[in-house]
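In order of appearance the chains are A, B and C, and numbering begins at 1 in each one.
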Amino acid sequence: MTSDFLYRLDTSPRALVKLLPQVVRPPADVALQHIQSGTFQRSMSLLVMGTSAVSGLEVAYEHYRGSYSNPIMYTPVILSGVLSIAGAAAFFSRRMARTFLRYTSFLTVVDGLIGFGFHIRGVQRKPGGWRLPITNIVMGPPIFAPLLFGTSAYLGILASYLQREEDFGQQKIKLESAGNGLHKTDWREDIRTGRFQKHLCVVTAVGTLCSGGEAFYSHYKDNFKYRVQWSPLIVTPLLAGAALGAFASETCANTLLPLAAGAAILNGVAGTFYHVRGILSRPGGKKKPLYNTLYGPPIFAPLLFSAAGMLGMLAYLMRRERR
Amino acid sequence: MVHLGAMQKIKPPQRIFRDDEEVDYVIVGVGSAGGVLLQRLARAGFKVLGMEAGKFWDTERDWVSDEAGSHQLYWNDLRITGGEHPLALGSNNSGKGVGGGSVHWAAFTPRFHPSDFEVYTRDGVGADWPLSYEELEPYYELLEQEIPVAGPAWYPWGKPHGHPYAPHPMGGVGDVLIKGCTKLGIPVSAGGPVAILSASRGNRPHCIYRGFCIQACKVGAKASTLITHVPDALEHGAEVRDRSMVARISMRPDGRTDGVVYIDRDGRERFQRARAVIVSGYAIETPRLLLNSACPGHEHGLANSSGTLGKYLMAQAGNVVLGRFDELIRMYKAPPAHALTEEFYETDPKRDFARGFAIQTVGPLPIAFSKQMMAAKGLWGWSMRREMMEYNHWAALGLLGEILPWADNRVELAAERDQYGLRVAKVTFRLRDNDKKLIEFGKNKVMEVMHAAGAVEVVQESRYAHLVGAARMGKDPSTSVCDKFGRTWDIPNLFVMDGSVMPTQGSANPGLTIQALAARTADYLITQGDAIFNSASRDMTPPPVCRSLSPPDTFTSGAPHLR
Amino acid sequence: MSTERKPVTDPRTGEPLPQRAQPGYYSGFKTLSQQAFWDQATRDVVLRRVEYVPPIRFFNEQEAATMLAVVDRILPQEDRLPSTRIPLLPGLDERLFENRLEGYRYEDMPPDQEAYRIAARAFEAMAQELHGQSFHLLPTLQQEEILQSIHDGKPLAASQLWNRMNVERFWMLLVSDCCAAYYSHPWAWDEIGYGGPAYPRAYMRLTEGEPEPWEKGEQRYQWSPPADTLSGAAQPPAKGSAHQSHPGQAGTH
């Protein structure tokens, strides 16, 4: 019976890694063990450094497009830089990871939330305000961008609670945050030990919906001129659904989630290709690189979609919370 | 409450001066220059009154998003036009109402080039300015920040500089210009420089790309002195007396002016006392007022001992080149002004004429477009109906060519009188050889760009744009009306400050330069203080640039840019 | 109109095309459907234009009959159903009655009011002189021959009247006034696919001719002007004629 076969087919990361060819199996196995036991602070910090640099670049040019008309628009640019440095520092120092990276990440998330408020206000202040919701969301400040901007800070927070690679195998239980030992909060312990699949699923779903929302209205602005512009809108419900399903069911986390996450990652990569091509085919093409990057298809947007897929993939690799 | 754009509302709390109360300055005409002067002088604490022939607009009630309905923005009173190549007047070249022409300009704001200030020295034609580019440059920077100007971070022509606000996204016409120019290897500026907000500022929203710039911007995104400077002026105690037409400037026997005679909104003739008068009525109304103020001792008009008042009037060649494309363009979307090239601005020894031209986007709405089709293709009847059905396939580019100042291109008084009983202006215009060669070359270049962009049919219509000159500034009192600060040579407390003081015009739209000159003159007046009112001595030292008199929000918003 | 007017035709078959409520290539496009998203002042101005037809006050009866026939040839509307034709003369008459000016007058032209009175008489005089009949009763071709001669600046008759003005400038004034009346009307916007008022509505699809969600794409069809018209083809002006100067500056830079 096919269904019986499927039922018994184990697609958990631990099972799949065994199917890998001999050459890559050992490093993959090690990586997976580190991920599942929460000992990848240094790798995660590097990732934070990278993503933060990219989102800093993006917000710098997006806000340039908004002419830095309000000085507060500099804050995400500065914070991204600081967060990137914090990521690098956290790579080298455990202390930096637990202090500098953590506080910078929280601050950046707060900045993203404030930005979200400002972007909503920006839409509201456009002529016609919410009476013209579609036009004003499409033409106003990108409403979900500040939340997506928080993604790397969110990774930074995760990183700051993880154990370091060298801690692998040494089951240190000391809780750094619970100085007085009175309130031991479980989520931190879960992160420390690599048990945050469900939590990550929720974040994946939110990130996917925001990113998909952005894709929808930007492609709508473009009148869905190319059929491929619908693709992120097909993947969005898939991944958001899979992530929410994975929250409820481990089977879903081991099957649908990695498939949908993989699709989102690939879709984002393909999208980047199309966006670059779109920029080059604008009037002036390569002769107007800055202007066409500014007003062509947003070059980093598909990568944000990939980032949501990556979160989903990470969730797939994690262990589930005990509860 | 008066609406100034979609968000800004002001109470006109105005201070109202009595007629017999002697104000420090009466400014005649609250337009591009008048608005800036009013704001500066009020902030500096002077008693200042702006007289405006038109009304104080409420942008929500008075302005419409409609081509034919925007007729009232223009100076529609009678003028006579003639000469071998008569200028069309009215609509695009003079405004009426607070904000003046800045209410309906397309808001292209390129600076003049350094060469514009020494055309005679370099090319042996036209005239030199009594000031250099460097003297005006800080005011360009200041005004670009104040209004503010959106444009590329690197602007390569003239003295290279950047802009405080980011460039705009472009519409179909901008794409056509970029395509054509890049195909031909011509550098081109995308998305500016224009005085239109590419991001909100304070209580002025972002542009909504509806394409009605020259029908006045209800949004408040396009700068006009009505929304950028006048509110701040009122806040600081200035009065704007609208619907008040100044009939003549009153002279005392000692050769100084003591105020203006005007016709108020109820049609009564009144006299306003002032210690000094600044005329900012633009290139036709300014000389007309000075000529209409002729009195014993000034039989040929005020400030006309040189005989140059009304002369050296200039318009720019504004040929519109229209191209039909197989694909849809929809040129009614996005501001008409959003891309240009100044690659042909300077004198090129390889060409057989002096000076040059710019190529800019224009975006005529249906009525304007139909008139262009009539002129360019001789359409009427069924051919007009048919071509108009192709409206969305056409794109329009504008030539902006420098026409040199000639003494007999002039403003005089006609015999006819207007509704106030004042003699109307008569404008005479004729192109010379250099102008004709420039237009021919420029027009062909624009047509080449249009073809390169892929147009399947290209036609053109001859016309003019902008008006400047007719009360020019200079170094020599015998060949000019006023000095480099706009102070008339003949009357120490009478100033001219608007586009009419320009000795030459370059091929840049004059709006920004007019405002920069006005800000500079304001600094001069503030520095001179009471000497303007009491003394006839003429201090020619340039004033220090005053950055503390700018309207609010000037320095708190805007991207870092190259200065 | 008492005279029969020929219809527009299908160029492939030569068959007459039926009259349409809305000619043009944007079938189903209605700018007025967006009026809820216009501002009040604009709505007032545009709706007045649609709903209110001002009475004829400037032209007398005879002049009005002549000028009605003239403007019907300047912008013919026989392809429209009679109920959706855009009235042109009342707007022109209102402008002249109120003496609304463009802000200038050419020195070789009489004031607008006078120019139109002379022209109305001259058109009628030409018709009588050439055909012994009133202008408004002439068949299309004969009316258009008269108009064509004014377009060309060489009036076929009534030269003592036409001598009182620059004929080419008058032609441009006339065509401009007719175009201003026609293309300021929402029905004409629908015909040519122009978006109309846009505040606070705004545009979001700025390039590549993409329609807004409420606009329509182009649906072209072929049509030919009626067989008996002279105005079906472009007539580029000769170099140096008055057409190469400026019919009023509204609309560009």
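Couple of notes before you dig in:
Criterion: a residue touches a chain if its C-beta (ideal position, glycine included) is under 8 Å from a C-beta of that chain, and two chains touch if they have at least 3 such contacts.
What you are looking at is a predicted structure, and each value in this text was computed from that prediction instead of being measured.
Among the chain pairings, B-C comes first (most C-beta pairs in contact).
The chain with its Cα centroid farthest from the Cα centroid of chain C is A.
Centre-to-centre separation between chain B and chain C, using Cα means, comes to 32 Å.
Taking each chain's centre as the average of its CA atoms, chain A and chain C sit 60 Å apart. Chain centres here are Cα means. That of chain A falls 51 Å from that of chain B.
For chain A, the set of residues that touch two or more other chains comprises 126-127, 139. Listed for chain C are residues 199-202, 204-205, 208, 210, each touching two or more other chains. Annotation for chain B: residues touching 2 or more other chains are 6, 169-170, 175, 208-209, 219. Across the complex, chain A meets chain B through its residues 64-71, 122, 125-127, 139-140, 282-285, 287-288, 290-291, 294-295. For chain A in complex with chain C, the residues that touch the partner chain are 126-128, 131-132, 134-136, 138-139, 221-223, 225.
Note for the complex: chain C touches chain A at residues 37, 199-202, 204-205, 208, 210-211, 213. Within the complex formed with chain C, the residues of chain B that make contact are 6, 60-69, 71, 74-82, 85-94, 106, 108, 169-172, 175, 208-212, 214, 218-219, 318, 320, 327-330, 332-334, 336-337, 360, 362, 364-372, 374-389, 391-392, 396, 398, 400, 426-427, 459, 461-466, 509. If you check the complex, the residues on chain B that touch chain A are 6-7, 150, 152-153, 164-167, 169-170, 174-176, 178-179, 182, 188, 190-191, 197-201, 205-206, 208-209, 219, 556-560.
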